[in-house]
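Got a structure here, written out as structure tokens. Questions coming.
Naming follows writing order (A, B, C, D and E), and every chain is counted from residue 1.
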């Protein structure tokens, strides 16, 4: 074990790989954070659509979810990277492709989380809100979602952790995230143990602190 | 066509690898450099600029064995400049430029290994790179070998170093690169005759003769002017990234490729 | 130029055989890994709810350690780091009998076991404490209470999230190609290598995964129906929390 | 005020309301009782259309609930509903629970809404609990906040579905008192309850439901002292005996 | 039979049982009542050590619960416990709910256990529900299965924690009747309940708890007609008034 290889390349690994500052399009955080935010927004719509009464809203949402949950993410990235430009006949930037693929893919999972979160709020809450004269939209916005959100936190964080680690799959299209950065360094230095151990620790620190923060958030958001 | 597109945008996009020194790799300064990148930058780009009548900028995207053909097909890149062997079946999908490097497959073994070449690998565990022509040839010519395919060099080399496999086969030049980088270069040997012929060419979209002409002209002018050999010297010469002198045969082959004006 | 599709590459030559072999390997490694994950997940999930703190801590360590590091890293770990620790003869035997397959299986099983564990824990914790007490007070031991009451109920509550996670396991088995397991994704790449037909090969891969996943999902829904707690079908969605 | 005209309702194949005809006048207090599953909850939930009906008609102040042009949200604002399980919003304080609907549905300014809320909290006897979250209130206090929340919209009608059955015995009276006060002030009320003391004291009329039908109906006096149906007698004997 | 000797229990800093001294004789039926949070549940849960105590001693048939060599599982088998929320195993039928413990803890063969279970189901009045799952039983039926399940281990003592408070009014009597029968047969029973009719009819002794102490104790007659503490009077007035 010789960790000088890590010390020598730490700026590349952290700045380029984790944060996305450098010569290459990349950065684990730079992809994971917008992807979860946008994916969550899309996921809310999908989750709501899955609960809709009208079949022509519900069924497409269901198909969407089932489809994307049945396909490996690598395949989705691949399709977005190659097929869409082929159809549109314009090359797309890697970052845009990677982000779109993640958002579209994650939205299927996040949509399920949103749906479960909403369903976990007692039915009586919606009835109580409607019977005080709130519109369905107001009921959703002021009463159901705030509660659902709290219930969703554990599942959301788990998903975020998954996404955070999955960004490494974007390397298939040359996106330089933490794993890819380690791979690049490894290609040059051939010290896989030290490098992979190091990124395992970095991943672990990031995800573990995320799940700790989530637990704190959950407790803070529990009234009383 | 590609030329029209380049004329319009002023950009040539190439696909290259980040991890196959010295053809294309990320160096210690985190710059993306290498032999095949230099060829494009110094030989093809000037010809191209002349052809379209304005300066052309170079852009690089990463390509890997599974993505390089789709990258071309989807117009994401215009030219693949990496260690891609020109084969007949690949010519069904893409066109190739002139050959810019020639090598052949060999074996990397621990010093003192009984493996001496493709004849002596029956029953042995052999690592190869996923998607490479070598894996395919081993399968056909030495069906008794136990083949293991790894997606990248370091993983395959690791498997070899740990004894998971008995040998790693790849293009001789790649093995030489690997050996030079290894923590203990003297502990390794590259053995066997070339059991395959691996001419590297640059791939481009099929049926785009004009663009191919420009690429080939660039290479030929480089060969004519000797600049091609200077670049080779820079990367493969005694002071280069990976010393690997060009044999007289290959040098002749290169020169013969450059047809008269 | 437009790309000319040629679907025949999927059944001419060895492609069909490769795909079939890929499917079998994918199913094989996933099934074994699933069994391992289910066993580890059930035990550690149950341990995380017992009143005895050291056992709980042990199980928590397992979960936090394994699920927070990318699977890829675990693949390397089980393939490169573990075999050298084994006794020589076993090492040789392994290397000659598909070490990569077993390493991949362990990586998948242990990683997803940690994720199963979380679900099983929350399933157990969603069972009211008094249910546990009711069993104890009829004279069952703690172990019997878990065995006959808590775990059977928890398993039924968590079938939907577990079904989901099982699909993830199946899809994640493709990561094993990094340690040269010749599973489905590997084989689609193989076809691509031989035919230079990337789109066709990838389409085949996508469609096969989709079919496998949908097939398993349908099966899971059946199991879910069959084992649903009478009168509780609607409630299970919240078991994730 | 409230009128049911041959109302029928099914859940799937289960016929839960069978040809209900009923008029509740302005200012009237009606208590509904009956065995479990007889359709009491369903009956009052139909009044503000938390449940759709399959045939017949319900009219509120002469407006038909089936009218597609009816503004359901506005109608519901006029009808307060108090649930057995309180259904307070757990993420909001008592005060915020009360002011949410006036502010969002009636567009009343926050200070004004809070003033109303403060008055209502006083009226239900817990002026000091404005800042507390539901989780920190006793059941009786929660139910009183729920009543205040319903009253904040100044409804014309109040519906109660077993408002005391989830409460500890000591807390039941607190809530019944608030309800008696409301009745005393002339609020139109429909109350599902088995608190026969309350029914006797406050109700103008008692309905007894069984299997989706109203099988007995009358003033408290005749209901308790002289029920006509044997089913009612049996029911009363059971719930009054313990 | 059951003896509490200066028992103290804390939840963190909350002192829930304060120096409890109590003897329940064989065959005695004791009813425990008191306001919510007064420690009634905690008191009876300590008897089969579902809750540990911090000081004092509890003895069952002269055996000290604190004795480290005590076989807790065997002890619990002798003490039946019936919960407010029934807590039937939702994945098992009524029959299977009952036979599980005899088969696993007593190692009785299945046919024998089923015979006992059939007899018990008859005794609690639902012989026809053996194959039903809990979700398909009414609350009253579920609670009767729960009682049968506890009886299947042939306990010497039965503990009940508000066994009827989650039930619909009509179903309460079904359960109270089963309990009265048990008491009539000489079972030792400790019952937390607010069913004062039941207490009056069945109890040999009534305890009134407040803030972790037993502040009143006596026969039903003196308890209802002549309570000594003002707190008891106040409590009785509230729960008897509605």
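Some points to look at:
Just so it is clear, a contact is a pair of C-beta atoms (placed from the backbone, for glycine too) under 8 Å apart; a residue touches a chain by one contact, two chains touch by 3 or more.
Quick caveat: nothing in here was measured; it's all calculated off a predicted structure.
With steps allowed only between chains in touch, the distance from chain A over to chain B comes to 1. For chain D, the chain whose average C-alpha position is most distant is B.
Taking each chain's centre as the mean of its C-alpha atoms, chain A lies 51 Å from chain E. If each chain is reduced to the centroid of its CA atoms, chain B and chain C end up 38 Å from each other.
Chain A and chain C have centres, each the mean of its CA atoms, that are 20 Å apart. Computed centre separation for the pair chain B/chain D is 80 angstrom, with centres defined by C-alpha atoms. Chain contacts: chain D has no residue touching two or more partner chains.
Contact with two or more other chains is made by residues 66-67, 70, 73, 155, 158 of chain B. Across the assembly, chain A contributes 78, 82-83, 86, 192 as residues in contact with two or more other chains. A complete list of chain pairs in contact reads A-B, A-C, A-D, B-C, C-E, D-E. Taken together, the chain B residues at the contact with chain C in this complex read 65-67, 69-70, 73, 89-90, 92-94, 125, 127, 130-133, 135-136, 146, 148-151, 155, 158-159, 162-165, 205-208. The touching residues of chain A, counted against chain C in their complex, run 66-67, 69-75, 78-79, 82-83, 86, 112-113, 115-117, 119-120, 151-152, 154-155, 158, 161, 165, 168, 179, 192-193, 196, 199-200, 203-204, 207-208, 211. Chain A meets chain B in the complex at residues 8, 12, 16, 22-24, 78, 81-83, 85-86, 89-92, 94, 172-174, 176, 183-192. Of all the residues in chain C, the ones that touch chain A in their complex are 3, 64-65, 67-73, 76-77, 80-81, 115, 118, 122, 164, 167, 171, 174, 185, 198-199, 202, 205-206, 209-210, 213-214, 217, 237-238, 240-241. Within the complex formed with chain C, the chain E residues making contact are 45, 48, 50, 73-74, 76-81, 83, 85, 87-91, 100-101, 104-106, 133-136, 146, 149-150, 152-153.
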